Every structure is written in structure tokens, then in C-alpha cells.
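In what follows, chain A forms one complex with chain B and a second complex with chain C.
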Partner chain A sequence: MKIKLKFFAYYETLFQKDEMEVEISEHTTVRDVFFKVLHKNPHAHQLFKNTMFAVNQSYVQSATKLNSDDELAFIPPVAGG
Partner chain B sequence: MSQIVKVVSKPIDVEPYRKWVKHPSCGAYVEFLGCVRNHNEGLSVTKLAYQAYSEMAEKEMKKLVDRIRNITRCVFVHRIGTLDIGDIAVCVLLSSAHRKDAFEACQFLLNGLKSVVPIWKKEFYDTEKSKWIGCKDDCLK
Partner chain C sequence: MPFKRYAIQMKLSEIGKAGQEKLSLAKVAMIGVGGLGAPLALNLAAAGIGHLVLVDGDQVSLENLHRQVLFTEEDIGKAKVVAAKTHLSKRNSEIKISAYAEFLSFQNISQLLSEVDLILDCTDNFHARFLINQYCVEQKKVFVYASVDQWRGQVALFTPKGPCLACLFSHVKDGLFQDCSQSGVLGVTASVVSNLQGQVALHWLLFQKDFSALFLYDAKKLQILSYKIQKQKYCEVCGEGVKERSDEVIFKSWNEVSRLMQDAPDQNILIDLRDAPTDALKGALHIPMVKILNGATAFDKNKTYILYCEKRIKSPFVREVLRKQGVAHVYVLQERVDQ
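Let's look at the complex of A and B:
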């Protein structure tokens, strides 16, 4: 099944795009997807610790399982105001 | 409580909000304007670019507003896009019967904005460099 990834701020710069589709299997979690797309990044674990995640525009835990057509956003530290 | 909560891409005109927030039952009005300053951490800032996950940002802002109490009218607006020095990035206007509730609500909304609302800012410096605030350095600690 497919999900859509949304990238903002630091992640948009890192991936040089603001969204992408990824193919995942059943029972895949948010954490699984994060490490799948950042598997080549030497800072992946540090980044993970400082990133929040949203599925369909609501914050979720990284252990959350994904469903087909979900929209998963990587939320780096926010800086409004 | 009546409320105006939104993320906008055009300059924020505060005057209509000042009129709207007035109410005969209120004796206290608190207004906060967050503006772009020309320096940060010893560097000269020339402009800021704000980015938002807009639909979610508005949802999170509304959740924060839903948690404040004893407020009659509330304006909570954040601007995105490229802002120049002195431009208003965020405005909060609150009316309440007594000052304590309005002051506390203002602090609560601004603290919440800086912890859960998905809005980011990129600083541009006079050295031609730029960086996302709070992102890379904090992410790699």
C-alpha cells in the first residue's frame, strides 16, 4: 500500500522536496518509515529523537501503525512566533 | 468564547481585530504582537521566511484556544511567507472581564505556539547565509 510523506523546513531541505509517496507493507509503523527513508543518514537516530510525527494532521506516537493513503508528516522542532 | 484563529499569508492588519475584540462585558484587553527583529544570537537578520503545515497548524492553534478559560473574545493569527524586519508575524488579542485571565491566556497561547504548532522560520543573514531556526542544530544535539 502507499502513503504520502510530507516534509517541512529542515526535512524539506534535506530531501529537496516537500512530499513523496512510499510503498509500505501492512503493520508498518511511523518509526519504520522514518528509518526507511533516512537509512543513509548518519544522524538518523539523533534526528528521530527530535522529531514529532503527524498522521492525517494529528500528532501520533512513532509506534503508530500506518494505513493505506495515510499522510505522514515529519515535524522537526517548531519555531513559530 | 468567540474566536478568530488562522494562518495567513498577507500582512496582518491589527486594527480590525482591536475593534472586534472589544466587548461591553470586558474590562481587560491584552494584545501581543510578535515582530521580526533584526538580530538573533549575535547575527544580523535581514528577513524571515515562515513555513507552516497550514491545515494542521490551524487545528493545533484552535486546540490551544479551546483550552483557555474566562476569555470573551480571542484573536490568534500567524503569518507565513517572507517577512521583513518589523513585520508582524503573530498577533494575539484577548478580552476578558479581569486582567489575570487575559494575561495568562496570552502566555499559554504563545508557549503552545512555540511547542506544538507546526510552523517554522528560516532566518536570512547579512552574510547571505540562512538557516531553519530550531531545526538542524537542535535535531542533532
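Let's look at the complex of A and C:
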């Protein structure tokens, strides 16, 4: 099944785009998707702990399973002020 | 006529005289009078917030002027809070303004913030934000978080009912998400974000409105998105504490610790972090958190330390501080020790 990823701030810069479609199998969790798309990033674990995840614009825990056509957002904190 | 200067905002049926009175009775602290705080202070003073408490240890510099529109060229080199107070008082002499030319720290936070109704996080770093967050959870205070970097900003209200900032972002280290090559910002972007923060603050003061949302502003798309947020059961600050780290040794109860201490009393040290406990667990050393953070206590890097406090808020925080100092074996007792 397909889901849509939505990138904010840091992730938008990292992936050079603000959204992307990915193909996942059933029972895939938010966490699985994160590490799948960031597998090359040496800081993936640290980033993971400091990223808010939202499915269809609501906060979710990283163990949440995804459904077809979900929109999963990676929301990092913004640093300055 | 009292409140004459506020006549136009009082014309809003939701505000009226009753709303204006609420604002004039409010005591609001602004932590940071920079990119976010300076433009927002202008509007909050003008709106008639009865008492503004300004906290910032920084001085005005030439590079501030493009976005910190409260300041003038004559202010360069002056303490921001002092310059801010001068300008704000000229714009509204009916309100009270307190200026503290110091950075927020563990030592001064309760003295500065214990009397305020609402705290505005206008800081530029996560160290200060987590300090505010922890204090607010502990003291059941409300704060509005705001941050801005390049073309993006975030705003959220955090109340005692939760979630807290650490529910969303658990251990942010400054620099992790920064694109160090080009961190800049336009004055208008910082102003939009700070005024969005002001809007959330006024909604709280006037209507006790809690959006339970993180607002994301994108200045390139001219878009504000709202994401529903929720309390995390295992939040280290407002929840039940660490769970996700499988490598973490956690002592769930006093019995477990007691056994360990009987086996090797010299190796394992139990520390009571509370300010003034009337009782202590058997064998515990009483060292208030402030003393540790001041660096007044020496720790042996080869020993094991187990920390406890009244609400498990201080312990995880102190654990991280000690680990940064190279004390590897620091653990938290999960059982609550109520006063």
C-alpha cells in the first residue's frame, strides 16, 4: 500500500522536497518508515527521538501502524528565536 | 474614561470591559527580548497586559535592529530589558514593567517566575526551553512556546493538563536540527511567529482557550498548519518516565534499591534530590538538585548513583547532567517519594 510522507523544516531541507510517496507493507509502523527513509543518516537515532510524528495531522506514537493513504508527517523542532 | 486607549479592541464583543480587565490584571513573563520577544512586547504592552516581566541578559547590537524593531540605534550596547522598558513605558505608561538583565537559570527561575500567570518562551535555544518546560510542569504553570529559524516557525501552548514540550521533542540538543550553513531570518517572519505566539497567549488570558495543537508557520508558502498534540504516557518530564530505552537500567521500587545497597553499600549511592525532605529513604544522601547543578558536589565516576525526588521530574534531568560530566552509572528510582 501507499502512504504519503510530509516533511517539515530540517527534513524538507534534507530530502529537498516537502512530500514523497512510499510503498509499505501491512503492519508497518511509523518507526519502521522513519528508519527506512533515513537509513543512510548517521544521526538517525538522535533525530528519531527528537521528531514529532503525526498521522493525518494528529500526533501519534512511533509504534503506531499505518494504513493505506495515510499522511505521515515528520516534524522536527525549530531551533532559533 | 478608563481604558479609553483600548476602546477599539474592547469593541470586539468577545473582549469588552470584562476582557480588558482580565488583561490589566495579568502578569506575563517574557523570557527573551530578541527576535521574538522584542516585536511581541510592543503589542502586549499596547494591548494593556497589566504587568510585563522581561528577562534577558543580552545587550542590543547593530545586527539586532533589522528584526528587533523595539530598539533604536541609540540602544546599541545597552541591556535589552532596560532599553525595552524605556520604550514600552513611553508607549503605555499605565502598565507595570519589570526588567531583569539576566539569563534564566535554575538558580533564578523560581524567584523570577513564581508569581506570573503566563510565561512566554521567546528564547533562542532548547536548553532554556526545557528549563521553562520543566519548571512549568513542576509548578503547574502555563507557557507558550515559539521558535523561528529561516522560513519556519512553531508555536504551541502548554498547560498543566498536558502535553508538555518534552512530549513532542524529548531530548533536543542545540545544533542537531540546525542547518549551520545558513541560519538567518527576516524581521517580518520573526514578527509573524511572535505575534502568532501573542495571539495564542491572549486566547489563553481572555478565554482560557487551549488549542492542544502545534502550529507550524511556513513563510515561503504563507501557510499555517495545525497539528493535534497529545500527552505522552512515558514522557520523562510530565509522564511516567523512560520506557523506550531498552538499555536503561531502571529501579522500579525502593525494595530493589535496598537490596543493591545491602550487597555493595560503598559502590551504590542513593541520592535524595528534594529541596527540603522531612524524611528520607534509609541510607540516602540528601543533596538538593540546585547544589548538584551548581557543581558544588563531587561525583566519583566509578560509583553507581541512584537518584530520586518527589515527582520524578528532577531525577532524569540530573541524570543527563551527570552523564554529560562523565559519570556513567546514574539511574533513576521510578517509585514516587511523596512529601
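By our rule, the second predicted complex is superposed on the first by the 77 of 81 C-alpha atoms of A that agree within 3 Å, B and C clash if a C-alpha of one lies under 4 Å from a C-alpha of the other, contacts with A are read in each partner's own complex, and residues count from 1 in each chain.
Here, a contact is a pair of C-beta atoms (placed from the backbone, for glycine too) under 8 Å apart; a residue touches a chain by one contact, two chains touch by 3 or more.
As the structure is a prediction and not an experimental result, all values here were calculated from the model.
Q: With the two structures laid over each other on chain A, which partner does A:Val78 touch: chain B (first), chain C (second), both, or neither?
A: Both chain B and chain C are touched by A:Val78.
Q: A:Thr13 contacts which: chain B (first), chain C (second), both, neither?
A: both
Q: Check whether A:Thr51 is in contact with chain B, with chain C, with both or with neither, and answer first, second, both or neither.
A: In the superposition, A:Thr51 contacts both chain B and chain C.
Q: After superposition on the shared chain, which partner residues are touched by A:Gln61: those of chain B (first), chain C (second), both, or neither?
A: In the superposition, A:Gln61 touches chain C alone.
Q: Now for A:His43: first (chain B), second (chain C), both, or neither, which partner does it touch?
A: In the superposition, A:His43 contacts both chain B and chain C.
Q: Residue by residue on chain A, keep only those touching chain B in one complex and chain C in the other, then list them.
A: Shared contact residues on chain A: 8-10, 13, 43, 46-47, 50-51, 54, 57-59, 73, 75-81.
Q: Could you list, by residue number, the parts of chain B that touch chain A in their complex?
A: Where chain B meets chain A, its residues are 34, 50-53, 55-57, 59, 78, 89-90, 110, 113-122, 132-136, 138-141.
Q: For the complex, give me every residue of chain A touching chain B.
A: 6, 8-10, 12-13, 43, 46-47, 50-51, 54, 57-59, 73, 75-81
Q: Given the complex with chain C, which residues does chain A contribute to the contact?
A: Chain A residues touching chain C: 8-10, 13, 43, 46-47, 49-52, 54, 57-59, 61, 73, 75-81.
Q: Touching residues of chain C toward chain A in the complex: what are they?
A: Listed in rising order, the residues of chain C that touch chain A are 32, 34-37, 121-126, 146-149, 152-154, 163, 168-179, 183, 185, 190, 214, 216, 225-230, 232.
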